[in-house]
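What follows is chain A paired twice: with chain B in the first complex and chain C in the second.
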Partner chain A sequence: MFWKMDNQKNTDIQSEGHTALTVEALRHVLANMEDAEFMECETNHDQTITLIYIRTLIDSERLNESIIGPLNRCTDKTIPDCLETSRVSEIAGMSEGVKHLIEGSVLLCDTLQNKWWAVHLENPLGRAIEPSETETVIYGAKDSFTEQLEDNIALIRRRLPTTALKTEKFTVGYLSKTPVVLMYMEGLTNPEFISIAKEKITSIDFDQFLDSSQIAVFMEDHPHTVFPQFLQTDRPDACAYSLGIGKVVLLVGNSPFALVAPSTFFHLFHSPEDYFLRWVTASFFRCIRFFSYFLSVSLIPLYVALTTFHYQMIPLQILFVLTESRSKLPFTPFWEALLTLITLEIIKEASLRMPTKTGQTLGVIGGIVIGEATVAAGFASKVLIVLVGISAIASFLVPTYQMTKSTSIIQFGLLVLSSFLGVLGIVLGMIGMLAHLNGLTSLRQPYFAPVAPFYGKDWNDLFISSPLTWMKTRPGYLRPLQKWRYSRRR
Partner chain B sequence: MATCSLYAKTSGYGGIYVMLMVNRLQILYFILSMPAYLVHPYMIWGIIAIGVLSQCNLMILSRWFASKYAAKGFQGFVQLFGERGVRFLAFAALFPVFVKVTVLTLGYVEIVQMFIFPSMDKIWLLLSVFVTCFYVAQQGIEKTIRFVVIAFLCTIWMIVLFFPFILPPLATYSNLLPLVPTEWSLQSWKGLLIVWAALSGPEYLICLAPWFNSNHNLIKYLTLGNALSILEYLLLFAASLSFFGSDYLRISNFPVVQIIRYLQSPVFERIDIILICIHLFHFVFAAALLLLYFYGAVRIIVGKWHEQTTRRGFVLASMAVLACMMIINQWFWTTGEEQYKWLALQVWLGASTYLLVPGLLLLAMKIKERLQA
Partner chain C sequence: MKDFKRAVLAVLSSIALTTGCSPFVDNNMIEEIAPVIFWYVADAGEGKLKISTVVPPLVREQKRLLTMQVDLLKQGGKDFNLIYYRELKVGQLRMVLINEEIAKKGLIRMVNTLLSDPAISPRLFLAIVQGNFDDYISAQLQKQPNLDYFLYRMFKHYEKTNQGEMTIVNLHDFLKRYYSPMPYPNLPVFKVSSNYFSYVGTAFFGRDKLKAIVQNMDDQIYQLINNDKYLKHLAIPALSTTLGQVRSSVQMKMNQDASSISVQVDLTGRIEEYQGDKNLLEGEQLADLRKEIESYLEKQTAELLKKMQRWKVDPLQMGSLSLGPLKKPLREKEWLNTWEHVKFDVDYRLHLQPSATALPVGR
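Showing the complex of A and B:
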């Protein structure tokens, strides 16, 4: 349905001006396309059928097995009856024909009767289902999404085998014609979220989308913040869990990452493994993750604040070490920290762009050689190098990679504030950050829930991961239609 | 002109917000200096007595929240006092709001300069604190109400740090005696007045009634908030008194800040620097709320309450407050005597508004009901 709306809104560049579906018209549309094939096939009945397809998009083996072979053997049956596939549909207009072609169908034309059929024979190009590389777990399912939309839907459906799991398909991008599937649990997910998600998808107007993150940009309530308002995950179990508690999931064609919303700031710190480990262990490590995030954004600014303004806060023994370490440095603590952090960001970015083995070498060079050399050359103190190392490692404890990236920006902001106002500057920055988080929304729902607004009952899965037996209700901030997680009230 | 919905209402807020707001509005500037004014051990009973009085006042206030006028917000006030009356009241409220936000901000900046940045120009500190308050306020009243949860969670834990001072060996229990007053002077009355002024703040919630969910059960949350504040005041006073003793308290400026200096930590010394900074969380909340009140009052006075709020209008109102604050800081907050006068003004204004506002509302409701009958 949305496809029709989409076609009305965006001009299909190539089919413009060709409404009647004829072979000649198609030849014109498919001109200068090397992989476009026109072939004629004769049935046993001496009937000539024209086959039109795009070679690179279809499965050649299945073309012979399902279409050419059966057509050659065909006697007096109609064409759909001859074919050994059930995915045959009759088509009429040019735009419909072109749509089928670019989706990997073979068009069959009975020139005598001037009838057209489309046989879906898409070549399922893509990798196999592999373990997630971005959200690795020791326990729990190992499969992750691929670029194949159908596979991704199947991975979720297998985890939630119920007819309440609804999937609605949309197409966005008038060039890329990217399929987007909105998934939700009917009778459980708040209908407001579903309607907002639909409204946001249908209002997208752009030429192409190559990844789900690009769609998130168009759907976010606050596109200029560093905080992601859609949780991006490639884990089907995380998606199934989110659907089960009342969120919506968006799967995007050719992207192995699903979007989950409404998302909260705290949800970004939750790992799928939290629900598979013993609750005490999971809670401890979740708290460590929150602490690490705090550490990663504030440790270096705190170093600058203490060494610039508040020497009196440092215990005497540590002060001796620090003074000795900084005695021959030519830079102020701010510049020392700034240059070191920029160097670290360069190394981090370079190691990501390098092939795996080179990346490891770069890590060694960056971490040991440059670190050592910087201290030996007198550009940075040993203490700062240690703190930068701790801060960098701490930033990687956050399970969501988007958040890991955003810590650097916040860290630089706090660094500047601490260089002007010391600890007060850091606190002012923190207040600003928390006020900013308090003002954010995801699918128009508060981003800082369940802290602000306050939902006390949802705190059992906030900083700690309570035993599943204690999580009797779904999160209140999601306002699900079914509050209880038990099928029978106890 | 860019419009913004500073006073929009999209959802209701439960009693927990009322509790937190009552508590944080009662724990502002005076908590840092109050032991120096109370001095005598028997003033512990003074805090409890004033706490009970404050509770009575909150019960009157709860009658307002339960009334049909409160839920109507501005229109409720118009029904009670008429348009002219509301404009007059808004005009009258401007001064206490302005004085409260000024004393709060300048007082805090003074503490920061005294304990953290003795050589820094206060203007920079004032500007940075004010910009943060403005940022919180410009998000609107709803988000400012929500911010109280953050302010509460980020500051309440500090009270735990004072427990070692009420336990041996740091505490000297003989300092807590005599608990029965042997003398009663004008200073003692002033002490009680300061406690009353310190507990003021909940009267500012009268304008927020439309944002609250269940106005009928608010007394429970008002009570909890007030009780928590009294407990905090008691703990801090008892800790300061048992650690310093009455004689030192008399000459100490900010005993609650001074006492933290004696805490030993393997990681940091001078923890007071961190604690003073963290106090900013609820100072910012209170100042942001007051800034929104100030702008709202100005809109009522100029007769624009029915029009959409504008970003420019709010910026101009905030700039006016900032300019006045800077003028006061530059010329009228220089000597200790001048600062004392401002504090005294705030004490009298806070005590008066807390005493009069709930009573005035109750009286107006009674008169209205009688006239309607």
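Showing the complex of A and C:
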């Protein structure tokens, strides 16, 4: 019963398309909207034009310059000829009229001829193009996406000035009417990816989307895993590179983060800077990132396994320190590690939610004061505090923030396994994780490529970042229509 | 089918990666156990063993010496737990010090017991002790609470990259030699009293029984021609000379009928100390000294080899020279019979390196 009522409400919201477009009908639709304006304007030869718009969505200065002023001076020309803007379109139905209104257009009604026009005057409200805060680089372009979809498209188009770069627009969310732009390189990107992406976007049915990550949830093949199957980035250069090698990019209105697919597990560890630095340096740091990820998920479980079961594996010198450190603690290694990690997660979450300066203070208090006090109070060992610190810092080396978040979940899983089975538990957990990763797909393409399935040539941009001169072909696992990256055969 | 393949792959990987792991794990929480570093084993008479260790091994608490008289080695490990509040574990056992008397009776049973325990690492240092080690430990515990750990560090230090001071042997080395065609292992020997712990020399074994101990110059020559092939200092008091940074290259050749062996040793080093009458700034006198050193070392080495013949041990593994691709390998007894009558032709060639300061050398 409740389901039926809800369903009825949804159809009511969308039923305005069947009504004829009249001023009275619009007054009814826009009732109780304080920012909806109905204005009458007279032309030179006493013709009255009705202007209808939503004040908060349009640029009022341009309204005066492009519509009201020219209409007042208008002589015997038709309305579109009078207006000093090219973005005029004639509209017919109610639904079309409402759609234009909420997109930031002014509706003009010529009551004599009973004709309607929409003039797009959207208020370019939003922040300017700023450096990326989530994916900072020392070298390379500093610009990043904003909430303005048009700006975001332009940032990519400037990097790929070719007509092969196609943009197809969709709208998702029957309340939010969120625009989604699918970008791909025609003649290069595998058409299968494009059709799968289109199929997934058109099948989305939900009320509102406030960020691209919410759209990713509907498009992912495996929504219940901790591993993101769409790479989220706010860097136009990363998007342009992905398009150039044969991936598809989704730009979402009001979201500064684009979605890139098909994505693989390994590409979550790649930073845009890898392609700007010297290849040896870049490769070294890429390897460090992989190692850090391994460290961040396994260091604390390893501590628990070694101190609970496998004291033989600890070098004697370290065993001295560990035994001394743990000799007077009230908790077992598992509970000690669990409580410390939960405390760390609380501190991390709190410092993220706080304003920047408060967050920094919180980090210092959490990291130093609480850490020191915990050891002094005898709740945790010094060694564990050091390891937790290393593990936390190591988790931040992964360039993809979603992946950074996921390390905590995996770490807790391995921690529980290690407390029961020791190192065997960690190994079993790792095997389970590998099997899980091997089963994942992104846009129905294998998530663990190019390792499994194996694409040997793609390994030159996997764990190491080879010089660009060696990367002569596009990644094989993307099956691009153009294999070679250079334009002339040598 | 695809899922089946994945499942098979996952099972195979699991088997490969977890081979050797046991799903039954001991609770070894480090604050509840006492991983002992060393055992001292002595003869308690009437076929019994006396085992000693120091507890707690890793925590800064008052340390004490635990001693048990037992029939079996493992029994000692078990009985320690009955008199101490932490469970004593042997997973970090790094040294087993064995009394000389036991070594003379044979070590192989003890060594096999140690080896068959999966918790004990084969990188376990073995050493022979002359005197009562318990007295030494009891006397020193007040002065040096971490004595056991420092002893381990000493072994580790001299083992690493052959420091050229003393013989260091671990369980793996011992057994490797024991099970080789020429089963003559060796172990370091230390002498202890209540205030005294010092390196004596190297013990030679015939199979698992202690046969003899070489000390002083004999031990230095053994280090030089067999063990480390390096000595930081080779002191020759008879010639008032100390050679430094001495490295050797040894060539041994056996004749066809195994009646004689030529040992050619090329030594490289420098004179670091000289308190004799010769003027080493003069080339001729320096050459004389070099010849004296060579002939002294030749004589000492020949004597050492003769002693080995008398003791019926071949720690230099010279018997392996008789092995060849088309030859029937000699049995141990056959070799010992031959070994007693082998004649040696020892030849030293000393290559003196220029000294950094006041001892210019000519050839």
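Couple of notes before you dig in:
Operating definition for what follows: the second predicted complex is superposed on the first by the 474 of 490 C-alpha atoms of A that agree within 3 Å, B and C clash if a C-alpha of one lies under 4 Å from a C-alpha of the other, contacts with A are read in each partner's own complex, and residues count from 1 in each chain.
The criterion applied here is as follows: a contact is a pair of C-beta atoms (placed from the backbone, for glycine too) under 8 Å apart; a residue touches a chain by one contact, two chains touch by 3 or more.
Everything numeric in this text was worked out from a predicted model, so none of it was measured.
With the C-alpha superposition on chain A as described, chain C and chain B clash in the combined arrangement.
In the overlay built on the shared chain, the residue A:V423 is in contact with chain B and with chain C.
Looking at the shared chain after the overlay, A:P333 reaches chain C, while chain B stays out of its contact range. Using the contact criterion defined above for the overlaid structures, shared-chain residue A:T404 touches neither chain B nor chain C, since it reaches no partner.
When the two structures are aligned on the shared chain, A:G456 is found in touch with chain B, with no touch to chain C.
Contacts of A:T308 after superposition: chain C is touched, whereas chain B is not reached.
Of the two partner chains, chain C is the only one touched by A:F320; chain B is not. Once the complexes are superposed on chain A, the part of chain B occupying the same space as chain C corresponds, among 188-196, 224-232 or 278-286, to 278-286. In the superposition on the C-alpha atoms of chain A, the part of chain A touched by chain B in one complex and by chain C in the other spans residues 309-310, 312, 314, 421-424, 427-428, 431, 434-435, 438-439.
Chain B makes touch with chain A in their complex at residues 11, 13-14, 16-17, 112, 116-117, 124-125, 128-129, 132, 135-136, 139, 143, 146-147, 149-150, 153-154, 266-271, 273-274, 277-278, 280-281, 284.
Touching chain A in their complex are the following residues of chain C: 6, 10, 13-14, 17-18, 21-23, 25-31, 33, 35, 37, 58-60, 89, 91-92, 94, 119, 121, 149, 152.
Chain A meets chain C in the complex at residues 307-312, 314, 316, 319-320, 322-324, 326-327, 329, 332-333, 421-424, 427-428, 431, 434-435, 438-439. Contacts from chain A toward chain B in the complex involve residues 309-310, 312-315, 420-428, 431-432, 434-435, 438-439, 446, 448, 451-454, 456.
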